[in-house]
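Here chain A shows up in two complexes: once beside chain B, once beside chain C.
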Partner chain A sequence: MIYVQAVLLGVPMTVLITVLAFAVGAVLGVPLALARRSPLGPLRWGARFVIDVLRGIPPVVFLFVIYFGVGTGVIKLSSLQAAVIGLGLIAAGYLAEIYRGGLLAVHKGQFESAAALGMDSWTSMSRIIGPQAFRVALPSATTYAIGLLKDSSIASTITATEILYRATASSRGHGAGLEPFLIAAVVYIALGAPLAWLSRTMDARMRARVAR
Partner chain B sequence: MNEDTLLGGWLEWLPSLLDGLWLSVRVAGASLIIGIPLGLALALLMSAKHKWVRVLAIIVVEVGRGTPALVMLQIVYFGLPSAGLTVGSFVAAVVALALTTGAYTSEILRAGLQAVPHGEVEAASALAMNNRDTLRFIVIPQGVRIAIPALLGFAILILQATALTFTIALPELLSRSYSIGSNTFRYLDVLLLAGLLYLIITLPAGWLTTWTERRMARHL
Partner chain C sequence: MTATPTPVTDHPVGVTLRDVRKQFGDHVVVDDVSMEVAPGEVVSIIGPSGAGKSTLLRCINLLERPDSGDITVGDVTIHPETGVSPKDLTSLRRTAGMVFQSFNLFPHLTVLRNISIAQERVLGRDRKEAEARSRELLARVGLAEKADTYPTRSSGGQQQRIAIARALAMEPKVMLFDEPTSALDPELGLDVLEVMRGLAGEGMTMIVVTHEMHFAQDVSDRIVVMADGRIIEQGPPSQVLTAPSNERTKRFLRAVTDR
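After this line comes the complex of A and B, so read on.
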């Protein structure tokens, strides 16, 4: 049990990476999702390509490219910066698709009514379409956040001092073997549980409200 | 060609990286072959008659899904020896990723089984089929078919997860790229090639997933 404290020391870094990467993804996902539905062909294909590439390369490879590739040759990045940039870009790819799903769920009549009232596309998107799409996308986005929390463990490979890094250090340094990793698993499950509960509750509420 | 240029380097490294990619594909394949039947078993246990069987299955699934694949790898790699089993990196990688696969695909398969119309089960009981035969010949074949697009999507994620096995010294694609990087100090060049090689598999697999989704949507 003496390793519990050591592993818990990593919690703030795990939470920090997860929250910042999610924020980066949530913001960058918006233009990607909108470009994905653009009437301009090249913009649409470009966005699709970017999303496919972001989702097609293993996250750990992304982190290595940024930390070892860009970080040693071009600009020096801390492991936190590299993790947030890498996981944030990947999150943008996944969240763009989640937003797109939300936009697709908004009834076509809503777009037409907004246009009939003389709203320009910005007003229509920010006042009418966006809020409805956001509500639909929220449960999936929360589920993605749980995945991101677990993926943040990958940042240990670029020496970010989060949960798994602390567990590995305890295991190697004290010859403790298995125990710190079991503790790490329990901590990840405990951190993910409230998010899972939130996702389920929001999903149930959404279904009740949208049910027609 | 001069091996100091980007393309020259890529040509020189390609054979080694392709060997690594082949190992990644084998790890992913073995994990799926073991993990998906495990997922089916868990999906069936989650709807078992006995309450404690259901509860146990749900706990196994939630623990499996809540633990990051990278942590699962370390647990298996360090855990099996302390249980008296000494295994190589390949076996440890497959066991860990198969457990993760089992936990995730159980939810996918459960959704597939639930999507089989109830009339099918009623028709089977009208034909005097017992529960076991109904599951075996009616519900499971249709439920698994419904789950195929989601299973394909998951298979892409497992191939990506094989990159994590470099932490247990498996000489797959990422591990080979990293050691070339540290020998030549050309991390960016070699890691970009590694990314491209992953994309060569994941992009077409992603298109295939979309295609099966559309086909399935038309047939339901």
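After this line comes the complex of A and C, so read on.
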């Protein structure tokens, strides 16, 4: 029971890292996805380069670089800040590609009819194309959120007091071996289950509505 | 059709194309076409597929940017070669309404919102006014009861009538129709053609790319025949359809009527 309590102590930090990193990624992913489709070559190539870099670095390496590299220099970052920035930037890379997939799924005729009605590109994107692309992207984005929830355990390596950190501490402190980690596993599943359910429900609802 | 015709246009305008040329790569799709459409005139463009009919129509509201030539719609003149200002583009597209072969309704919005959204975002009408106008236009095309449904719940013919209402909501002074019934079963197309007839009767300037020979014959003031990116023949329906002078036109009409 003491292990359960100890591991549960890490839940708020895990949730915080996941939610904040996802928010950072969800916001920064938008300009990246749009830049990736820009008619300006340099902008397009730049965005692709950034996305490839963000997706190419293992999260643990990225967190080390930010926490021990940037964090110890002029700028001092807490483990939470470093984890949110690191995982958030990586999420931006992945979500940009998920958004891009969503945009590609919107039929060309939608762009044309918005244009023919006199909408400028901002109105067309924010009212017509964006919402449709978002719906297509939603299931994949939720799946990514579940992955991010699990990846947040990497933040334990930079001493963020999340679930895995608590489990490790409690295992070492009490010589308990496996048990705290099994509890941690169950807690991760319990946290991820609602997201998985949400993803499936939204997917089904979206398909029902725009079924052609 | 519902018998409450709201006038949709007070001042139809004309369209003038001068030496409009469009090519995709090496392929010249529209080959220096010039054409004048008078205010209130209904012109049908017919011809074999690949003739450049749709591309020509799409050049008028700049969905395709011509490589050269001038386009005048009402009092807006565009020289695509020298660039197009956003202001001219907007006023061009507000003047010319367009109806597509594949309807292109917005699937994530209700029918009412489909018709209202551009009125709000482009014309700056408030929501109440826009929706009132939308309901009026929906009634006009006989689909008042569809207002709060999503477009995919409607048949193809109904969707196309909704698309016409959506275009009319912007109070265009010219309507461009790009094969509006080609994606529809023959029976479903009838209601669409009926709505178009009504518009023509009210004096709307209309340019219609079509394979509907009966419609072209009954409703148009003039038929333009295109082949290989050029206008090969034009004139009143009676002349073009019954006594065509061009060999290519004769061949095309035989192919259409022999079906």
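Operating definition for what follows: the second predicted complex is superposed on the first by the 212 of 212 C-alpha atoms of A that agree within 3 Å, B and C clash if a C-alpha of one lies under 4 Å from a C-alpha of the other, contacts with A are read in each partner's own complex, and residues count from 1 in each chain.
The definition used in the following text is that contacts are C-beta pairs under 8 Å (C-beta built on N, C-alpha and C of every residue); 3 or more make two chains touch, one makes a residue touch a chain.
These numbers were taken from a predicted model, which means no experiment stands behind them.
By the touch criterion stated above, A:Ala115 is placed in contact with chain C alone, chain B being left untouched. Contacts of A:Thr143 after superposition on the shared chain: neither chain B nor chain C is touched. Ranking chain B and chain C by residues of chain A touched puts B first. In the superposed model, A:Thr161 lies in contact with neither chain B nor chain C. Contacts of A:Ser153 after superposition on the shared chain: chain B is touched, whereas chain C is not.
Of the two partner chains placed around the shared chain by superposition, chain B is the only one that A:Val70 touches, whereas chain C remains out of contact. In the superposition on chain A, A:Gln81 makes contact with neither chain B nor chain C. Shared contact residues of chain A with chain B and chain C: none. Residue ranges on chain A touching chain B, taken from their complex, read 52-53, 55-62, 64-65, 68-70, 72-74, 150-151, 153-154, 156-157, 164, 167-168, 171, 177-178, 181-182, 184-185, 188-189, 192-193. For chain B in complex with chain A, the residues that touch the partner chain are 62-63, 66-72, 74-75, 78-79, 82, 156, 160-164, 166-167, 174, 177-178, 181, 185, 187-188, 191-192, 194-195, 198-199, 202-203, 206. Chain C makes touch with chain A in their complex at residues 61, 63, 86, 90, 93-94, 97-98, 100, 102-108, 117-118, 121-122, 150, 152, 163, 166-167, 170.
For chain A in complex with chain C, the touching residues are 107, 109-110, 112-120, 123, 127-128, 131-132, 135, 209-212.
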